[in-house]
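Below: a set of structures, written as structure tokens.
First chain A sits with chain B, and in the next complex the same chain sits with chain C.
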Partner chain A sequence: MKKRTASLLKPYILILPALALAVVFAYRPFLLTLLNSLHTVSLQGQRLSFVGFENYQRLFVSQSFQASLSNTLRFTLYFVPTNLIICLGAALLSNRKGKLATLNQIFFFLPMAVGLSSAMMILKMMFNPSIGIINQLFGSDIQWFNDKHAAMALLVIAGVYLDIGLNFLLLHAALRNVPSELHEVAKIEGANSLQVFRYLQAPLIAPTFVFVLMTNIKDAMLISSPVLILTEGGPFRSTQTLVYQMYLEGFKSGNYAMGSAIATVVFLLTLSALLLLLHLERRRVYYQ
Partner chain B sequence: MKKLTALIATLCSLVIVFPIFYSISASFFSYADFTSIPARLLPSVPTLENYARAFKESNLERFLANSLLTASLGTALRMAISIISAYTFSFFTFKGRDTLFVLIVATMLLPSDALLLANYTTIRALRLTDSYLGIISTLLLAPTHIFMLRQYFKTVSSEYREAAILEGCGDIRFLTTLLIPISKAVVITLAIHSFSTIFNDYLWPLLVTNKESMRTVQVGLTMLGFSENLDYGPQFAAITLLITPILIAFVAMHKPIQTSVSTRFAGR
Partner chain C sequence: MKRLFIYALLVLLATQSLSALGQEENQTDAVTTITWWHPNSGLAGKAAEALVEEFNSTVGKEKHIQVQAVYQGKANDVLTKAKAILQSSITSDLPDLVQLDGAAVLDIRDNANLIAMEDLAKADNYDLAQIMEAARLSITYKEKMIAMPFNSSTILLYYNKTAFDEAGIAKAPRTLDELALVASKLKKTDDKGKVTRYGFANVPTTYELMVWLGQQNGLSYLTDYENGHTGNPTKVLFHENGTMVNFLTKWRALYATESLENLTSDLNGAFASGRVAMIVASTSNLTTIQSMVGDRFEFAVAPFPMVDEKATGGVNVGGGAIYALNNGSGNEGAAWEFVKFATSAKQQLVWHIATGYFPVNRDTYTLPEFEAHLQANPHYGVAIKQLLDSNPKLQGMWVPSAYQIYYALQSGILKMLTENLSPEQTSKALETEINSYFTEFLRMQK
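Now for the complex of A and B:
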């Protein structure tokens, strides 16, 4: 009898670590974040009194939050298409055979080997307006960190640099999986490269493309570390994003309630974007 | 047409790899090289001075050791938890199995960045700030790993396990001598992925470490503090030291990397 109970309990014991981690570091903090956003919270993180949606009301009228929200959405809007075009372009261009093509492929995914903070530090130094190599090479005088448009452009460049490695690998792999017989048939039929892409490659890589698109949107809406290292939200909050503001409110000002309210907004935003895309994917993209 | 494609591809790939090249080159610059006009691409006289200073004027070895330790420990625990959970979900039948599986995998939908604040309070309450466990604890659950391993394990017939158990082989032996060896490719891919994710994490280790001696290299790098006086040399040296081994590994492993990506994602 004892042995039987033991063997009945066994699977539960085996998944206990994963389950405990899910509860302690995902569900519980998620609920705490929701609760905290509806309360006033002390500097020590104790919930004081229930205030309903007051935190959200204060948040939505604050200029700082409006700036963060609009910056995050604008960044997503600039970054996602730019990144997708560059990564898809790189994958299409290097989808050849030969030594040079292999070298191109390695170069395209190599940024993956550079960690986030190293990559951001390199860019920060390269884009230094006075002695950085970028302005000197191009003989330009762009104030990358003091001009709001330039700072946003720099953030997009940084985002592309961080993502190109993996996105290139995924799209390139998808292109390589397009059967070569189909290519030959298309060639014999006299299809040009554009037609091959439109009618052959594009439909076959669509699932990978949607996957890349989804992760890109999620990453863009959650962008924070590049902001922290490169621009610190400046100039004049022009690159302050939601997660960065959450970090400022929660860790720099000790305002847990506000930080939690921002976290909830971020959560709702990414979730709705992902659900919308999943819906589109189900309707439009067909797996083989 | 083909030549044109090759030319454009090469030019673009050179642009992409330029920051890496520049970082390596600039790590040998002298102070004057950084400010020379026109800008230099290669050092006037290569110097190792920056490397010496990177070590002498910062805690670089300690940062690096912290990162290697947390990434290895984190990967080992993460893989152990993922493999055992995936094994249980694919080979055992028990009440509530599917619900519990969904409960664990659905944590993918809760972005960790939005949970930073609340997780920080948990870690602080557990007195784990400035500890290795504090740095890795929030990263130990990898729902994507559990999901992918389960997909893979499910292709292995449960008759294998039944036969093994009949022969008197325990779960641990079945895992280590049969299941893990036949799933080697996916296990290695996930382990490498885990290692690089934990090694490269920035915001969380920044938050949970206050003591300089507990910083990971990703956090430490941004705090070396040379750039205030535009003295970039030591920083480029530190970055070059950090990325070179990984670059070499990537170049050497480019074939397996490309193959594993194409079977993992595009192949479905």
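Now for the complex of A and C:
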């Protein structure tokens, strides 16, 4: 009997430290944010009075917020497929044997080793329209920071760069896990590489793929650092994302109530996207 | 076991060096050490270092004060760091002096740890009249000078003199009408009709609008409470008094010439590469632009163009100031000594020559070295003359949600140009949006 309670309690005791950290650094701040978004909050961060959903009402009629919302959704729409195709392509490319393959792997993995803000500073220099190397190299005259479409494209490029290291690593590992016997059998049967991918590799890496897809959507919804450093939301708010606006309201203007309201909106949006995906996943993806 | 030993050694070493530091502090106990957080990098950074060195080896040595200058990143970063400490309860970590720009005023002006510079000056019987009035007012809140203007700048028109000569234009435009005319002459297109050179590139920033609207009707403010200098602004005035409509009408005419490019960033680069013939930029960019242009073409500066002939009032003082903070060390007297030194006539001349920021001390302007410097570098004279001719009451805007307002103005004006809206509509829409930010802010007050 005693032994049974002990074994019953064990997992809870083991999870306690992690839970404590989560409460302090994730759950409590989240609840406070939720609470702040329903109040007016002073510059010093004190809740002044309860206003219900008034902050949200103000938010949804503001042009600035509408721009942020549409920019974030547009960014997600461009970023997620681009990133998935590139990362998957990279993983497939380096999933070969031979010495050069290792070089490939290092090449794709390298972005992870570069500091985020320094990478963005470097990109900013490279894409500078008048003195940057990109325009020089391609002989183009693209106003990367002054043209709405170019700025959005630049953001996607920066986003892909930031994500490629980890995504590549995950997909690459998943491809490596595809049993080589199955590969050989498929080859003997005369399948070409497209067929191998379609009927063998794709189903087997599906769980990892879904994970990468989900983190990609999350990353896209929370995109902020390239906006902060590269475009600063410009030109004309065309790259102002939700999290950047949250930063502006909460940190630049000291408007914690509005910042919290935006944070809540971002959370709900991301959550619903992920729930929808989980629902689809249950029907489409099979785990071994 | 081996690892444990290494850890123990590391801890031992770490504590050793700490106690060594402590000893050093004890030895120099008689000297008061002042920390100054600043955002000066590049040329200005070198100048700031030289200034501190000069102080430490002269006045500081005499009075047993040593200043320690700490570079804390860009102006924004300095503010973020100072704000973080001001909001926490551990104010002993605050620097004695911190150099911030205009955007910081709102965050710091009501803080209990701010020591108003005017009080320090009064305690020392220092005559504040030696500081230029426009600079002094630029940091005056509710009739008290809360900080000392230090790196003061103003705005200028930069133009490509070589392109002007080619197009046969003799002098720089003085009004927006003239600017439109000149810009259309400067515009160049290639065979396919693609513009290779724009006459003028600009999307009005808050600062520029402050000047363009403020200089109308003798003196106008964008918001009530004198642009926020006498209290929290509650509404904008530019729609009621018609200054915005007047400006937007001129701006639309300028855009209609198709020689205006709506550039929001990298203006210096566009100008230096010759793609744009005129820009407006701060005097503090003078040295940078000079080095970027090199000998590619000849450039010159002229006073900031006015909205129309009737607009007077000139330009205002931008840039930054030094704030004194109370960190419980009781060092404010020593901190004041350094501020006094840094803004003395002689040091302001040195600072001006090294950085391009104009001297805030009136006595600097009568120094023979200053006149000699102006003769050798006439570019600097334009800004100074322009500023001396301006109405000192024309002052920068202290508003909440400054970034949101900046983007609102940008986007609103672009919308008018590209969707062909009327200036009245645009001005009204801007009034509504900006007023809503003020309402937000007032709701946050206790």
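Assume the second predicted complex is superposed on the first by the 267 of 288 C-alpha atoms of A that agree within 3 Å, B and C clash if a C-alpha of one lies under 4 Å from a C-alpha of the other, contacts with A are read in each partner's own complex, and residues count from 1 in each chain.
Criterion: contacts are C-beta pairs under 8 Å (C-beta built on N, C-alpha and C of every residue); 3 or more make two chains touch, one makes a residue touch a chain.
What you see is a predicted model; the values in this text were computed from it and never measured.
By the touch criterion stated above, A:93 is placed in contact with chain B alone, chain C being left untouched. In the superposition on chain A, A:207 makes contact with chain B only, while chain C stays out of contact range. In the superposition on chain A, A:240 contacts chain C only, with no contact to chain B. When the two complexes are overlaid on their common chain A, residue A:187 makes contact with neither chain B nor chain C. More residues of chain A lie in contact with B than with the other chain of the pair chain B and chain C.
Of the two partner chains, both chain B and chain C are touched by A:45. By the touch criterion defined above, A:128 reaches both chain B and chain C.
By the touch criterion defined above, A:26 reaches chain B but does not reach chain C. Once the two complexes are overlaid on the shared chain, A:252 sits against chain C while remaining clear of chain B.
In the superposition on chain A, chain A positions 45, 128, 130-131, 251 are in contact with chain B in one complex as well as with chain C in the other.
Touching chain C in their complex are the following residues of chain A: 40-45, 48, 58, 62-64, 67, 128-131, 143, 145-146, 232-237, 240, 248-249, 251-255, 257-258.
By the touch criterion stated above, chain B contacts chain A in their complex at residues 1-2, 5-6, 8-10, 12-14, 16-17, 19-20, 22-23, 26, 34-35, 37-39, 41, 81-82, 84-85, 87-89, 92, 94, 97, 100, 103-104, 107, 109-111, 113-122, 124, 137-138, 140-141, 143, 146, 199-200, 202-203, 206-207, 218-219, 221-222, 227, 230, 232, 235-236, 239, 242-243, 246-247, 249-251, 254, 257-258, 261-262, 265-268. Put simply, chain C touches chain A in their complex at residues 80, 87, 107, 203, 262-266, 269-270, 272-273, 275, 400-404, 407-408, 410-411, 414, 433, 436-437, 440-441, 443-446. Residue ranges on chain A touching chain B, taken from their complex, read 8, 10-12, 14-15, 17-19, 21-22, 24-30, 32-33, 36, 45, 89-90, 93-94, 96, 100-126, 128, 130-131, 133, 136-137, 161, 164, 169-170, 172-174, 176-177, 193, 205, 207-208, 211, 218, 222, 224-225, 228-229, 243, 246-247, 250-251, 256, 259-260, 263-264, 266-267, 270-271, 274, 287.
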